[in-house]
Amino acid sequence: MTIKVAINGFGTIGKRVAQAVACQDDMIIVGVTKTRPSFGCDLAVKMELPLYCTYDEPDKIDAFASGGYDCKGGLSDLLAIADVVVDCSPGKVGAQNLEKYKNAGIKYIFQGGEKHAMTGMSYTSCANHLENMNVQGTRVVSCNTTGLSRTLVPLYEHCGELSVECTMVRRAADPGDSSKGPINAIKPVLKVPSHHGPDVMTVKPEININSMAVAVPTTIMHLHVIVATLPEGHGLTTESVIEMWSSKPRISIMNGAETGITTTAEVMEFARDMGRPWGDLHEIFVWEDGVKLEGNTLYYFQAIHQESDVVPENVDAIRALMGTESDWMASVAKTDAAISKTASL
Amino acid sequence: MTIKVAINGFGTIGKRVAQAVACQDDMIIVGVTKTRPSFGCDLAVKMELPLYCTYDEPDKIDAFASGGYDCKGGLSDLLAIADVVVDCSPGKVGAQNLEKYKNAGIKYIFQGGEKHAMTGMSYTSCANHLENMNVQGTRVVSCNTTGLSRTLVPLYEHCGELSVECTMVRRAADPGDSSKGPINAIKPVLKVPSHHGPDVMTVKPEININSMAVAVPTTIMHLHVIVATLPEGHGLTTESVIEMWSSKPRISIMNGAETGITTTAEVMEFARDMGRPWGDLHEIFVWEDGVKLEGNTLYYFQAIHQESDVVPENVDAIRALMGTESDWMASVAKTDAAISKTASL
Amino acid sequence: MTIKVAINGFGTIGKRVAQAVACQDDMIIVGVTKTRPSFGCDLAVKMELPLYCTYDEPDKIDAFASGGYDCKGGLSDLLAIADVVVDCSPGKVGAQNLEKYKNAGIKYIFQGGEKHAMTGMSYTSCANHLENMNVQGTRVVSCNTTGLSRTLVPLYEHCGELSVECTMVRRAADPGDSSKGPINAIKPVLKVPSHHGPDVMTVKPEININSMAVAVPTTIMHLHVIVATLPEGHGLTTESVIEMWSSKPRISIMNGAETGITTTAEVMEFARDMGRPWGDLHEIFVWEDGVKLEGNTLYYFQAIHQESDVVPENVDAIRALMGTESDWMASVAKTDAAISKTASL
Amino acid sequence: MTIKVAINGFGTIGKRVAQAVACQDDMIIVGVTKTRPSFGCDLAVKMELPLYCTYDEPDKIDAFASGGYDCKGGLSDLLAIADVVVDCSPGKVGAQNLEKYKNAGIKYIFQGGEKHAMTGMSYTSCANHLENMNVQGTRVVSCNTTGLSRTLVPLYEHCGELSVECTMVRRAADPGDSSKGPINAIKPVLKVPSHHGPDVMTVKPEININSMAVAVPTTIMHLHVIVATLPEGHGLTTESVIEMWSSKPRISIMNGAETGITTTAEVMEFARDMGRPWGDLHEIFVWEDGVKLEGNTLYYFQAIHQESDVVPENVDAIRALMGTESDWMASVAKTDAAISKTASL
């Protein structure tokens, strides 16, 4: 059986998930949606993905033809031929879509911009793949939560308990977004603690975590500054923590002094050398020489490619919901190997 | 008695300390030094400050005349007529100067770029003014340490103990420095924990503090993200912490939502409206709506004007060393009132 | 006679014009307006300027009292006691205000955000002070037009004709504005030629000028890249052009290599050393070593402090409209001397 | 015959040229050089390119083995098996290399960082491919000169003469370079006129051009602001100029208002959607709605991807020097088609 996947929304995340799904051998894209015949449709055409309208109104569908695009129908038409829909629409419109997905009787996956309460279930491969097996719908957590889970879940699994404070230094705008600032300022997120850290508990409730956030004038990568308190008798050292992370998927751990990768700029240049579409980095990046375990306190930095670390997670979530692969490590390996083959370098 | 103050070094900090000292009624500037007859001498001329050469070699002194500046002599000449010297030379050259100051038999104040070990004594008005009374030399701690002391010392004095984790989001270059980057990157300081936080213990050893730091592409203000663990029975609330800080000097605490001051950009604009020379902000800035006490954990943000928060501290340190004012609150009030009178607005 | 000046609007430009007017000995501020009892009113209180409401509705006026501010009345009340109003309201609302000013029977000055057609008269001291003598209303041209006039008018007056192409490299946001981007992009103004250059012809119609503009991610200063074609027989050299500009008011011309002032960052740091309120630079800045006359083509760069170069022009425009000083050089000298005395350094 | 190509230097340009050459069917990479066994060697390994040492000293060659890399020999060994070498070493070391290339008796191509005088011949496909047929060595001009040639050469060929003023708004650092500033400043290049524009005359001496340059705090793309004076009787309109450019290779001309591509950020996002390695854009980008012909004066903006627009030109230059393709349009079409096939999207 090949899983038939619909992508509702074809922007920053939607286009990436479409590419990642399209290159897997156990699933195909049956269609992607756009709201109107805009410039962004050209990419769907180029990627040879069937194009649908986000709406069902005939005039909105017909508008695509006037724009020179072949639109196959409305959202309902697309849902009717899909097994699962990945909702990549802008944040906060998910609630309206949920009803449509339920009515269509198909499985659904939302992104981290939506609230956990909407689906009652969230997903990150390393945290709770098994719990997501065969459920009707889930939410792939945000780029930040995904990144935190990658390093914290292994720690938790080793230690049995964990208390974490995280400062999130966030890029203020995506690379293709020229409207947002600030240009020369640091912006604290005054809601304290921020929602980012506690969201980890939607996939691993046992991890006790708080966070604070600031936005800074960059366009590439969030950077997390993490202080984790381990329980007495944790039996770890700085070196064994590094070794643990090195053995896990989707963590790239490198020495800044040796590689010259000392800022998020060099991290993204390293990612460009991988040749993945959009120069993406699905792994989180940890600086080996920035990890330090002092007594029970573990300090480290990690960088998150905000546009893409959740992309392969959506592929794995599809397999969980469809019940086709219960071993998360197997799914991740399969997903990542297929994506690697599409790299240009 | 009017205290005769020499300023050795007339750059970012030196020029500001000179202005702050010059407007006090109990001290005068007997001279400032420059290494050579450069453009920067014009400001000393404009401020009507006697100009000396950083070196004693006659040819270096004579060079000033060729450049059209009236140079009164070398460093030794200046030290000979001073009661106290404030060393504002670039970091790491202090050690060489120390010997000269000792030989001249005058009191000396270094800046936070030098190590505590060099003087064995450090200074922040709110932390240890009394301990600095009549000592021969001290070090005014860095802008970051000064800022941390302003909020942490009152907390410590109330609680009796304190354990702090601080993430420092640092501006990468000063406003007048166009050579440094990064332009579009976040740079973690891989030495973990960083030296910044623990430096607080040079003025208040009882405060247990660690820090991590990142540099970001801005030119104005450092921002501290602070998580402080208070002891059981601290008896504080979010409101009472705010009230405590509001009653202390050199803390400006405002509500971001009410004032529209939501980033470091608006903080510095607020400072410009004060009309102090260089648009300086000697106070640290705390966002009232970014303070939150949950159980024993206190979360808050504070912003530090890296160019100027230590400036009035140097004035107070002079009084401590010269033994002319033992009450730190009295000295601070006197210092700040005199500076206020020089504002252009 | 002391000229009674109202300032309608007390933001970036309004507060500066108020300061510049207040320190002159031939005029006084009778009031400034704010739309509501916001944080910005504190500055008016601090500067001891009578506060009025932008509107006449009693509830809007009364709101100030609830906010703790002493509001003297509505706009009509203010206009009734003024000889001249300087309109510093946000761009595009000027048209509505014009009627009110006419009804009040007082003189009025708009800023460069309004169109020339609205008043039919524009003003820059060096270009057309005399033509503005005793007129009812005028418009002080924009920061860019003001800056262009400073260097181009003397050239025109010497050469008799002039053809100019100007590329404007514009800061994207003001220093206190954290909402605007871009963070990492250059934005061409696609309307070609841009409106900026030709606006010079509203004050000096004989200068033939076109311009193109780009916005870049900085907050301080516009930079003009200028190519001027002089007529045959102009009789100038690179040196004589520099000399000509050096002899004019409100042009600061310096050598980048000698002073280390190589970017707009160092220019603004130089301005901060002047100690004017807000660290303002009323002069335009020309790099001496960036001026080059080759045959009939003159190349040069100039930097414009977008927040302030028009500020003293408003003072001079008041004198022109009130008919109290017909010699522009005399007015400029008087204006600038009075402002200098308010500097903190 | 398959052309055997050596790449001396494997950094920003070298790695790109290697990829572009490697995917052509008429040439192969026989080796690339690195100075030492650094992190950058990993990319050569990944791309399966034979690795050589930039130097011939045995200890420097042996160092690679200690670093875990298989180094095939020194530069001399590489030159001995190559037909042509593309010098991609850092600017200004080319002169030393020239002698080695001559001694090896092979053809050589330098990059735009070297002076024209060194080779006495420069190259841009659209300007002088034919003149480069079978020459011993040449220089592919810089990214800026290449970009200027793309739009100016067709104009010149139509008009017969052309006089151009260009303002270059330059990105201050490449995306992977976090050391350079400025962060919040505009930096004029005080050498006036700059060397950039006149360099066009090394490939098309008949075009009369001057330029001025400023650097701004961005990492992506240079932007050119161009004013070209056409001769009387040019017979062109805004529309026909656009049409002319649309028909030429390696020019991408789009409407900013229609596509939402309004800054260099969106241009580079458009490039990422192409899926080429590193998200490169080999075409120059012209905004259709930013082109305006008024009388004899043509105004337009173009954006240049500084890391990559010269990359395919190197491939074409190889064919010219080796004498295998005399038709520049045929070479360009072949080059670009082969590169397109390697895209990940």
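Labels for the chains are A, B, C and D, by order of writing; each one numbers its residues from 1.
Going forward, a residue touches a chain if its C-beta (ideal position, glycine included) is under 8 Å from a C-beta of that chain, and two chains touch if they have at least 3 such contacts.
Not measured: the values here are computed from a predicted model.
Participant: Comparing the two chain pairs, does B-C have more C-beta contacts than C-D, or is it the other way round?
Facilitator: Here the pair linked by more C-beta pairs in contact is C-D.
Participant: What's the chain with its C-alpha centre farthest out from chain A?
Facilitator: C
Participant: For chain B and chain C, what's the span in angstrom between their mean Cα positions?
Facilitator: That pair's centroid distance is 35 Å.
Participant: Rounded to the nearest whole Å, what is the centre-to-centre distance of chain A and chain C, using the mean of the C-alpha atoms as each centre?
Facilitator: The mean C-alpha positions of chain A and chain C differ by 49 Å.
Participant: I'd like the Å distance between the centres of chain C and chain D, where a centre is the mean of that chain's Cα atoms.
Facilitator: Averaging C-alpha atoms per chain gives centres 43 Å apart.
Participant: Mark out which residues of chain C touch at least two other chains, giving numbers and ranges.
Facilitator: 175, 177-178, 182-185, 187, 217-219, 262-263, 265-266
Participant: State the interface residues of chain A toward chain B in the complex, per the touch definition above.
Facilitator: Interface residues on chain A, with respect to chain B: 165, 167, 169, 171, 182, 184-188, 190, 192-193, 210, 212, 214, 216-221, 223, 225, 227, 256-257, 262-266, 287, 289-292, 294, 297, 299-301, 303.
Participant: For the complex, give me every residue of chain C touching chain B.
Facilitator: Per the stated touch rule, the residues are 15, 19, 38-39, 43, 46-47, 175-178, 183-184, 219, 258-263, 265-266, 268-269, 272-273, 275-279, 342-345.
Participant: Which positions of chain C touch chain A when the two form their complex?
Facilitator: Going by the criterion above, the answer is residues 172-173, 175, 177-185, 187, 217-219.
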